[in-house]
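Labels run A, B, C and D following the written order; every chain starts at residue 1.
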Amino acid sequence: MNLHEYQSKELFSHYNIPIPVGFLATTIEQVKNYVDKLNNNAVIKAQIHSGGRGKAGGVKLVSSIDESESFTKSILGKFLITPQTGSKGIKVNKLLVEEATSIDREIYFSIVIDNNDYAPMIICSTEGGMDIEEVSRTMPEKIIKTVCSPILGVSNYKIRKICEELNIPKSLIPNFTEIVNSLYKLFIEKDCILVEINPLVITKEQKVIALDAKINIDDDALFRQKSLKDIEDKSQLEKLEIEANRNDLSYVKLEGGRVGCMVNGAGLAMATMDITKWAGAQPANFLDIGGSATVEKIESAFKIIVSDKDVEVILVNLFAGIARSDVVANGIINAAKETESKIPLVISMRGTNSEEGLKLLNNSNLDITTATDLENAANILKQKLSQGDI
Amino acid sequence: MNLHEYQSKELFSHYNIPIPVGFLATTIEQVKNYVDKLNNNAVIKAQIHSGGRGKAGGVKLVSSIDESESFTKSILGKFLITPQTGSKGIKVNKLLVEEATSIDREIYFSIVIDNNDYAPMIICSTEGGMDIEEVSRTMPEKIIKTVCSPILGVSNYKIRKICEELNIPKSLIPNFTEIVNSLYKLFIEKDCILVEINPLVITKEQKVIALDAKINIDDDALFRQKSLKDIEDKSQLEKLEIEANRNDLSYVKLEGGRVGCMVNGAGLAMATMDITKWAGAQPANFLDIGGSATVEKIESAFKIIVSDKDVEVILVNLFAGIARSDVVANGIINAAKETESKIPLVISMRGTNSEEGLKLLNNSNLDITTATDLENAANILKQKLSQGDI
Amino acid sequence: MSILVDKNTKLLIQGVGRDGSFQALRMMEYGTNIVSAVHPGREGSKFENKIPYFSSVSKAINETGANTGIIFVPAPFAKDAIIEQIDSNLELVVCITEGVPIHDMIEIKNYLQTKTTRLLGPNCPGIITPKSKTKVGIIPGNIVSPGNIGVVSRSGTLTYEAISQLAQYGYGQSTCIGIGGDPINGTSFVDALKLFQEDEETEAVVLIGEIGGNKEQEAATFIQNYMSKPVIANIAGQTAPEGKRMGHAGAIVTGESGLASAKNISLKNAGAHVVESSAYIGKKVKEVLS
Amino acid sequence: MSILVDKNTKLLIQGVGRDGSFQALRMMEYGTNIVSAVHPGREGSKFENKIPYFSSVSKAINETGANTGIIFVPAPFAKDAIIEQIDSNLELVVCITEGVPIHDMIEIKNYLQTKTTRLLGPNCPGIITPKSKTKVGIIPGNIVSPGNIGVVSRSGTLTYEAISQLAQYGYGQSTCIGIGGDPINGTSFVDALKLFQEDEETEAVVLIGEIGGNKEQEAATFIQNYMSKPVIANIAGQTAPEGKRMGHAGAIVTGESGLASAKNISLKNAGAHVVESSAYIGKKVKEVLS
């Protein structure tokens, strides 16, 4: 789950990590009011779940009320398109109005999870304020990676080394050390998979301030991060994604496809995508029903797929382990009848209780072609495509 | 460092561990006022650094203002002698006045450090409110030991097992679990070497409450537990102990002895005690100057020893490693001159810079007999004793 | 022989809710020797009038001599169950539960380093040895058959796919092991390959990877240095758009290694037989072994 | 041969304040090969115009090939220095510092279980091997001499006492090792006995224990099961009044095992030669070896 910049900064504040003075605005009047408060020297930042906002025109330094008004008019309530949003863009509902900062140096700082060492890893660089992937490609020697210890946290000697490599002025080392420790604490306590500050700046007044903030929480841990779960901004998700999340399904919309795919398991989903593409078709979406599944869950999954207007054929690829084929079959049949869907189905159903499941499907009077396996399913799809059935 | 019961309970309160309503009193008027507030149904408890207060008459259940007044008069400002205090007892300066609790069951609960597993260990028993060492001797099967993990803390399954063994009513398990987790957190965060609740009670109203509280903090960690260091009750220590603590010396007063002992290292201290006793003498005290030592520290050590009126001869047993014999010699000479002490010295001085040290001592005109080693020192002592020199 | 589970396996099952009890029955039907069950509040009674319930793992082991554990408890309680089983020194612990928080897995992995138990999973289909009719997990028993192919996979359902393709070409399996799809888990490809290399009954290994991480590259290094048996490898997600989960900083950690193309190259260079389409795994095995 | 340190020891010293620099000079005088020093803010300069300073342990190792570390930094910073040295994979880390918080040692011990470094101390006098003139610690060099007695002790100053008594009776030492007096430390009696048992130059071992804990009992078990060489043992604190530090609950953990009498009995039963008075350690060695 992604947090907005303003939400991340609120968390920073709780952990005593310095941030610029700022206010959240949802109307032009508020923006103007805050810019006035900040002596007409402010930065206005669109709050959407995407990087690359700056280049896309989502961040603006303003030095007058008029300027703030015209910028706000141009962006608030509009869809902002960045390299990460897709062609539709994401709607800007909130703006963060912050005091402008006089920057001396920009540092990149983040904490991620290092799967190889089973530990949090600090990544930092003297090249802050830039696209860090770009830095990693062109100046790999400028990327400093520090593996932490889940037993010990961030040892002080590691922070000393980071300070040395980032060339932090001696007078700021205690301050910087505190920020690193606080960020680490936040990372652990809030079940983060990413905490990123780009840039972390040293101001001309020699203060260390988190100018940006990006936090990503482990979805699997939201059960114990209720306060964060509650602030999730659902307006940033597609309607169908929200519906899927609510039913504990994993839904991914893909652009330009015609095949709606219902599968169980991420690996099989990917294999299904590979096969579909090689058959000459494009998936319109992916709905992974996961392991354990109830009839209700399958019904909801089916309804989500048929709500996608791009879907012309539905490919169900089920290999049941913990899931039960009969349950899945019942869910599909119920939902197809309820929605009166006429979309043809290609279904491969194997594994636990698959005989019962196939029997149910074959007796259902729905437009179903059953496939024996992955290869067969691909061939049926290919055939339907070439026959112009879909 | 020991905390008083009322201080321990204050800490408990910060960690949301339930304690009885109570007030700290230092005057009779306060006690009467609080007993009135508590509807004449209160327990008054002497706040001294010692166990066994109950049996020694330091705890009293009162049901009227008069009763509280007469008990307070009998104890406040007086010395309370318990099996743990020595014959002088400890002065009672503070009384804790608490609401009386209707007890259904008494449980013993503590966390200590298990040196073998390098981990905190929870010790508990259904036999609360009793001397736990007695329980351990007579009913060892009633002692439940649970080793925690420094990596994981107290795993929930361990708490479930404890609840089962203590037969905690099902409705109280969530409550009890929270208390265990809070106590563990306190134990870790406050650098405790002991947290003990005896008894932890289940009241007739089915609440879990810490009726008593004992906390012992690692002296070596006080540098980072400043708030606790600040509340240390120095009135509970001997004057000379305070002086020693202030100079980072380890001082132990022993009753009935005549030999003041200055040594470096706990092992050598114990060996010196063994030798002294076997020579027929009794140590009056022990002053371990530890590893690194400055002239000032040695001066202060010497002054502490000669302030002890029981001391008739001083035995210095130094085997210098990180300490330097010349530094120790200079400290002794300076302090002896300054205090004009006439107490004879038996000095064994070996190790780092011992030649320089012995030279300084021999040129000092003090009443010094130098010994070549431990055995020799013991023989000199024996000789002096038999000659009636001391 | 086989790896990790066989006729000596005495299984303890923890978490006997809807999925756990359903799968316990499937395991028993298949032939697995389930000796005890751990589920809160059921001590004294028996699962299916046969398998005694206990309130704790240690009690269950003391009473029934279980040497292997399987976990079906919900994700919020999975860490505690895993730790309880590890602390009880079971030889093998299989965690089927999906959705275990990654910070929990960090703690578990670090804790495991001080212990002797092997953990398989979480978020995995478990393990099955057809010859001894032992299944610890949820791999459907009717799709496997005794034979000499070892199967190891990050993906549950793709494992079944691979097994069913092997059947089409007449190949049975020595042991099939699903290591689970989470970024941090108990048993790695390398661990499984090591066991298969040492296992007399395994003639060749099918390895099914996925995009993301660099565990397939680690497997490649092991194959190159230590495997004498043929390895047929398939990476799912050849056509997948780049994942977003870890964001940009995450991509720096693994760099390009997460791409299917990078994994294919590593595996090819290590001497593995790479099959690009998941539909032709069985066919490729036939080709390699003929 | 000797144990842990010898002529191949290349020492890094961390914390070169008043005590550290004084002891560094003593070590150099004795013959120890100190190759680098780590002290904040001194990088670029040299200790005694000879030994280069570095800002971090890893740099010091990279530049000078140190394989052993010694720590003199003040107690509040000792944990960090120990971890830094462990993380740099030094073979042996000796921590002289006293007063390290016990909770720090808990973390360090658990961390060590996942690492290969051996820690000696904290609160210990270190180690000295007279034959190769190598001293890593603060044991006075002028009291030891080459020979065949191994010395291991919990107490710093009592170690010196024992060595000096050995000298009186004409015995030199293979290696003397002070494991430190703290309840939780890096190297135990058992670890040291194991090394002495395997060391060709060690003929007999002097073990000096103290009241408290049960490490001497663990040593006794090891002596009984694995030691063929004679062990002469002395426990300090025979006449000490019972300690109070851990209070009552603490006493339950160790029970009676902390008493000198209990330790003496265990050691005697294990076949060790127990000498009750610390003044007669040398005499006892003579008696045993004659």
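Simple rule for what comes next: a residue touches a chain if its C-beta (ideal position, glycine included) is under 8 Å from a C-beta of that chain, and two chains touch if they have at least 3 such contacts.
Everything numeric here is computed off the predicted structure, so don't read it as measured data.
With contact taken as defined at the outset, subunit A and subunit C are each touched by B, D. Path length between subunit C and subunit D in the chain contact graph, taken as the least number of steps between touching chains: 1. Centre to centre, using the average C-alpha position, subunit B and subunit C are separated by 54 Å.
One finds 55 Å separating the Cα centroids of subunit A and subunit B.
Here the spacing of subunit B and subunit D, counted between their Cα centres, is 28 Å. Under the contact definition stated at the top, the residues of subunit C that touch 2 or more other chains are 107, 110, 114. For subunit B, residues touching at least two other chains, in rising order: 150-151. If touching chains are joined by edges, the resulting network of the protein chains shown connects every chain directly with every other. Residues 110, 113-114 of subunit D touch subunit C in their complex. Note for the complex: subunit C touches subunit A at residues 18-19, 22-23, 26, 75-76, 96, 98-107, 109-110, 125, 137-140, 143, 153-161, 164-165, 168, 181, 183-184, 208, 210-211, 213-214, 236-241, 244-255, 277-280. Taken together, the subunit C residues at the contact with subunit B in this complex read 40, 55-58, 77, 80-81, 83-84, 87, 107, 110-111, 114.
The touching residues of subunit B, counted against subunit C in their complex, run 149, 151-152, 155-157, 160-161, 164.
Across the complex, subunit D is touched by residues 51, 84, 110, 112-116, 118-121, 123, 131-133, 136, 143, 145, 150-151, 188, 191, 193-194, 196, 214, 216, 218, 220-221, 223-224, 254, 263-268, 270-271, 273-275, 277-278, 290-292, 318-322, 324, 350-352, 373-375, 378 of subunit B.
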